[in-house]
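One structure is given below, represented as structure tokens, and several questions about it will come after.
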Amino acid sequence: MDQILEYSPILIEGTITTIELTVASAFVALIISFVVGLSRFSRFSAVRISAIIYLEFFRGTSAIVQMFFMFYVLPLLGVHLAPLLAGIIACGFNLGSYGSEVVRGAVQSVPRAQHEAATALNYTTYQKFRYVLLPQAIPVMIPTFGNLLIELLKLTAVASLITISDLTFMAQIIRVQTALTLEPFVIIMVIYFIIASCLVGITDFIAKKITKGRNITVRKEI
Amino acid sequence: MEWSWQVALDVLPQMAQGLVITIEATFIGAILAYALGLMLAILRMSKSRAISLTTYWVSEFIRRTPLLVQLYFLFYVLPDLGLFLSPLAAGILGLGLHFSTYTSEVFRAGIENVPHGQWEAAKSLNYKPYQTMRYVILPQAIPPMIPPLANYLITMFKETPLLSAITVVELFNAANIYSNSHYKYLEPMTLVGAFFLIVSIPSAYIAMRLEKKYQRRGGGSV
Amino acid sequence: YAGTLDDLREQGYATVAVANEPPYSDIKGDGYVTGAAPDVARAVMAKLGVPELKAKVVGYGSMIPALLARRVDMATSGLYIKPKRCESIIYSEPDLCGAEAFAVAVGNPHKVKTYEDIAANPDLTMTTCAGCVEEAYALERGVKKEQIKVFTDPPSGIKMLQQGRVDVFALSGLGTADLLKKTNDPNLELVMPVKGVPIGCAGAAFNPDDKEFRDAYDAALAELKESGEFAKIIEPYGFSAEATLEVKRDDFCPGN
Amino acid sequence: MSKIIEFQNVSKSYGQLQVLKNLNMHVEAGEKLALIGPSGSGKTTILRILMTLETINSGHVLVEDDYLWHQRVNDDLVPASEKHLRKMRQNVGMVFQQFNLFPHLTAIENIVQPQVLIKEVDKPDAMNKARELLALVGLEDKEQHYPHQLSGGQQQRVAIARALAMDPKIMLFDEVTSALDPELVEEVLNVLRMLAETSDTTMLTVTHEMNFARDFADRVLFFEKGQIVESGPPEEIFKNPKEERTRNFLRQIIGELS
Amino acid sequence: MSKIIEFQNVSKSYGQLQVLKNLNMHVEAGEKLALIGPSGSGKTTILRILMTLETINSGHVLVEDDYLWHQRVNDDLVPASEKHLRKMRQNVGMVFQQFNLFPHLTAIENIVQPQVLIKEVDKPDAMNKARELLALVGLEDKEQHYPHQLSGGQQQRVAIARALAMDPKIMLFDEVTSALDPELVEEVLNVLRMLAETSDTTMLTVTHEMNFARDFADRVLFFEKGQIVESGPPEEIFKNPKEERTRNFLRQIIGELS
């Protein structure tokens, strides 16, 4: 155990990298989720089709394959990304594809009658989405987004394979330097669990805040 | 860098062998995930608070920590504790265990989504608990479970490349090993990505069809 | 890319890919990277007017791709000079040489002394790292592909040996010795040197477009060797300066 | 006539909310009873207690002179076991507001399955009985339809047939038409009117349809806040309610009609 | 008086099902019209076409002498653009069976938001108007309540106020009480009766409540299978329907009452 303690600086560094990677890619994923998710409702078929291609591509291939591709192949094609950036983009684009489905589903779950009420009051399409549909859809999205955030955190571990110095990568360094196995893995699993539990707590808090005083039942999705 | 068909042809046979392992891992892993998931769901719905809470936290721990780290753990730590697993067996166990925490939610939601009125109707007709489950609840709960369970099969398929980290030579690792010894990255990685798309897009389509097919019948118990 | 070295001088540091491979590299608890290979590189680069060396720890198999993708300016730590590799990258003159070693169960029950011994007994299995020279040695000497299980990192390889998943662990002599010392398992023993394979020599590796940079590096390395400073850097890590001075890059990769 | 149902000082609360307060009432065998009263007065709760879908907090409920929620063990009254409850449930059948047909079974299977599983009737006999009952409720031509292929009124009639197939001594109907489109209400009420006239089963029905209550019931109970305010034959209750509160309620509900 | 709405040979089908068949009708400005008829006769469809929630297959609909579903471009009639539809919608307001209030806004925000967004009224003016209207429908004390905190009847009254706030020339009411508990129906109908008397807006209402139709309407249209069977003042239609089919329908619906 003493040996492990000696490595606490790099464990802390790894934890910070993992959190940075999670937060930054969550941000990327969130933007993509809305852009791609809402594109599915576009009047223009070109926009809708692009959104579907994006979705199927990033949802259809493994995250690890996408990362290797971005890290090893893109540079050969002339696109140079710093490893952390490659990791953020890979994680963000991957999760963004799942998130876009959440956005689409939540908007679709707003009853048809609400569309009709907005039309009857002569709302424009933009106003309908901005003032009627999204305010009702966002609370529905939050729990699922919470689950996706956990998926994202776990996905960042895979980034260790493209040599981003996250928590998992640091555990590997410690293993090689100390020839210990059980201890580094147990420690990082506990750290992951703690980070994930904080994320769960934060989402629950937001969900409570946003539904407070309103009759919106926020369901945990499967 | 130029695409070389020579390299592509060279790596294909090895990838084909890897694909067999990938498919094996996916299906056995899925069966395990379904069986363990059902067990977890039953334990979770147990009347004993201790059993149900323990199940909950164990599931959450598994669900909130990365599969990659769990795989390392199963492969490198378990043997020290006396359980010796081949790489593929450890990989399948890891996949099955990790995803059982997801499938268990499908089972639970499937059963809980049967309207309350159905339990009451069965009770008012004097059905025994076993008869209620067997003749009333399960026939209604199972069809809606099929699409999400099929979706997890696809997800597991996409996660199999993680097994490369514990020396399983599946599709991705086969390509990766080739890359490492021939220092060619473009073709193998692109082919792996293409392989995944070829399998997962049609399967996603089939899963969608299943979803349509098994949508809850209207009427009945409104 | 003629001006790579000038660029590095200007920015004041170079990034170097280092694998997690004691004693070639040694990563401290606070993340500082030392070890024989990075220390040599540090001294050479200082001579070339690049005061700082930023080490990027990567997987062993990731050093070459990282170089090719120009994610790093150079790579060093147990990257042996091998003809196959020379097709993709260019090397400096050898800096660290050593014999090969096996780790086996204590008493060496299968009497494995050479790769040929492994090839002769198809029931035996061995492990080494992905893309490592030992894999090539084994295949060249008749070991079947099925007999080789690659590990992701050396301790995992030792674990496999301890757990009986494999019969032989093959790696550079110093790496194996270091690992056995840390593992401190009385059930394992070291076989060194492995006969019938050349002494392996590693060098710093460069992107093939950086020939000028490499040549400058060679010149500075030669000075270092002559001054005796070189021996002072590597010997504390267990490497022999003498062995290194006897060989040339052209012995492995003529014209690289 | 003999008492078939008796409530002795029954209280029932949901959390803070006391729904039934020391309720005493009884029903004679063969009686047709209509329970009326404002929303939330506890009408549904009474039926659900009789069907053992809700427990009670204090008091006793007797069905056929046997304790429903308790059982006697060596002269002590202890909470009823599941076995005792299953025995008592044989006496009672219930039809719900939301029909609750089994959606994965056809109309006839809905009626056959409980007979076969619970009463252990042979399948052919159960089929015969199911056909008779479907004819009784006017649905002989729908036996192979699934619930979702039937209108609400038709579903509710199948639900009535299903409950009848179990030969309960007591039938409970909880606002069986309130989930139906207005056009479909009459067909279901007509079936109930017919049953009230032809069968000697004891029947309790909760309803908001006052015209129907008048035709159907031998006796009307007016509830408010978990207590019986007034009880009597329908002519009396509807023409000359004694209590101010009954009058108010009836005015409110029938107001528009007269 | 002048025609404010005109249907010229309008047909409308859903797939195979023809819901409106060459319908011709018109409504005078300020008229209060009640549409009655059996389920599926196309009453809702007419309102939805006027609200531009459904398109038509052939014929023309005119509102204030302007084509609703078409527009004139160089003497040609072409399908209406979204812009034209938005202009035409300004004339029409609709209240739905299921209220369709925006659940994330309070009662008053429901009335303020469309005024601010669509009519570009200043927020304070919109608030004043919303308060007036809430008072009109008897809900001055509920302005800060969210829809789920209101009873069905109260929600429906807010929905009426919301539609009125847009100052439409034509108001459409589609069975505005049919989703309400019986006790709550009257409060909403009273608001509508009051509006019919005090406002000169043109109003079309679909209803199953014949007593209400009688009070509310200047003219009653009886529909069946997408066609007008009979039209006239309520006294005539309800007392002396000319057509056999009207008589049958009224007997069925009012039968129980008389």
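Structure notes:
A, B, C, D and E are the chain letters, set down in written order, and residue numbers restart from 1 in every chain.
The criterion applied here is as follows: contacts are C-beta pairs under 8 Å (C-beta built on N, C-alpha and C of every residue); 3 or more make two chains touch, one makes a residue touch a chain.
Predicted model only: the values in this text are computed from it and were never measured.
Fewest steps needed to get from chain B to chain D, stepping only to touching chains, is 1. When the partners of chain A are compared with those of chain E, no chain appears in both lists. Of all the chains, the one whose CA centre sits at the greatest distance from that of chain E is C. Among the pairs A-B and B-C, the greater number of C-beta contacts is found at A-B.
In this assembly, the C-alpha centroid of chain D lies 39 Å from the C-alpha centroid of chain E. In terms of their C-alpha centroids, the spacing between chain B and chain E amounts to 52 Å.
Spacing of chain C relative to chain E, judged by their CA centroids, is 83 angstrom.
Each of residues 76, 165, 176, 179, 185 in chain B touches at least two other chains. Contacts with at least two other chains are made by no residue of chain D.
Multi-chain contact residues of chain C, defined as those touching 2 or more other chains: 65, 68, 152, 156, 159. A list of each chain pair in contact follows: A-B, A-C, A-E, B-C, B-D, D-E. Residue ranges on chain A touching chain E, taken from their complex, read 113-114, 116-117, 119-124, 127, 131-132, 135-136, 213-216.
Put simply, chain B touches chain A in their complex at residues 1, 60-61, 63-70, 72-73, 76-77, 80, 102, 105-106, 109, 148, 158-162, 164-165, 172, 176, 179, 185-186, 189-190, 192-193, 196-197, 200-201, 204. Residues 61, 64-65, 68, 84-85, 87-88, 130-131, 135-136, 149-152, 156, 159, 163-165 of chain C touch chain B in their complex. The touching residues of chain B, when paired with chain D in their complex, are 115, 117-118, 120-121, 123-128, 131, 135-136, 139-140, 216-222.
By the touch criterion given at the top, residues 51-53, 86, 89-90, 92-94, 96, 98-104, 113-114, 117-118, 146-150, 155, 162-163, 166, 179 of chain D touch chain B in their complex.
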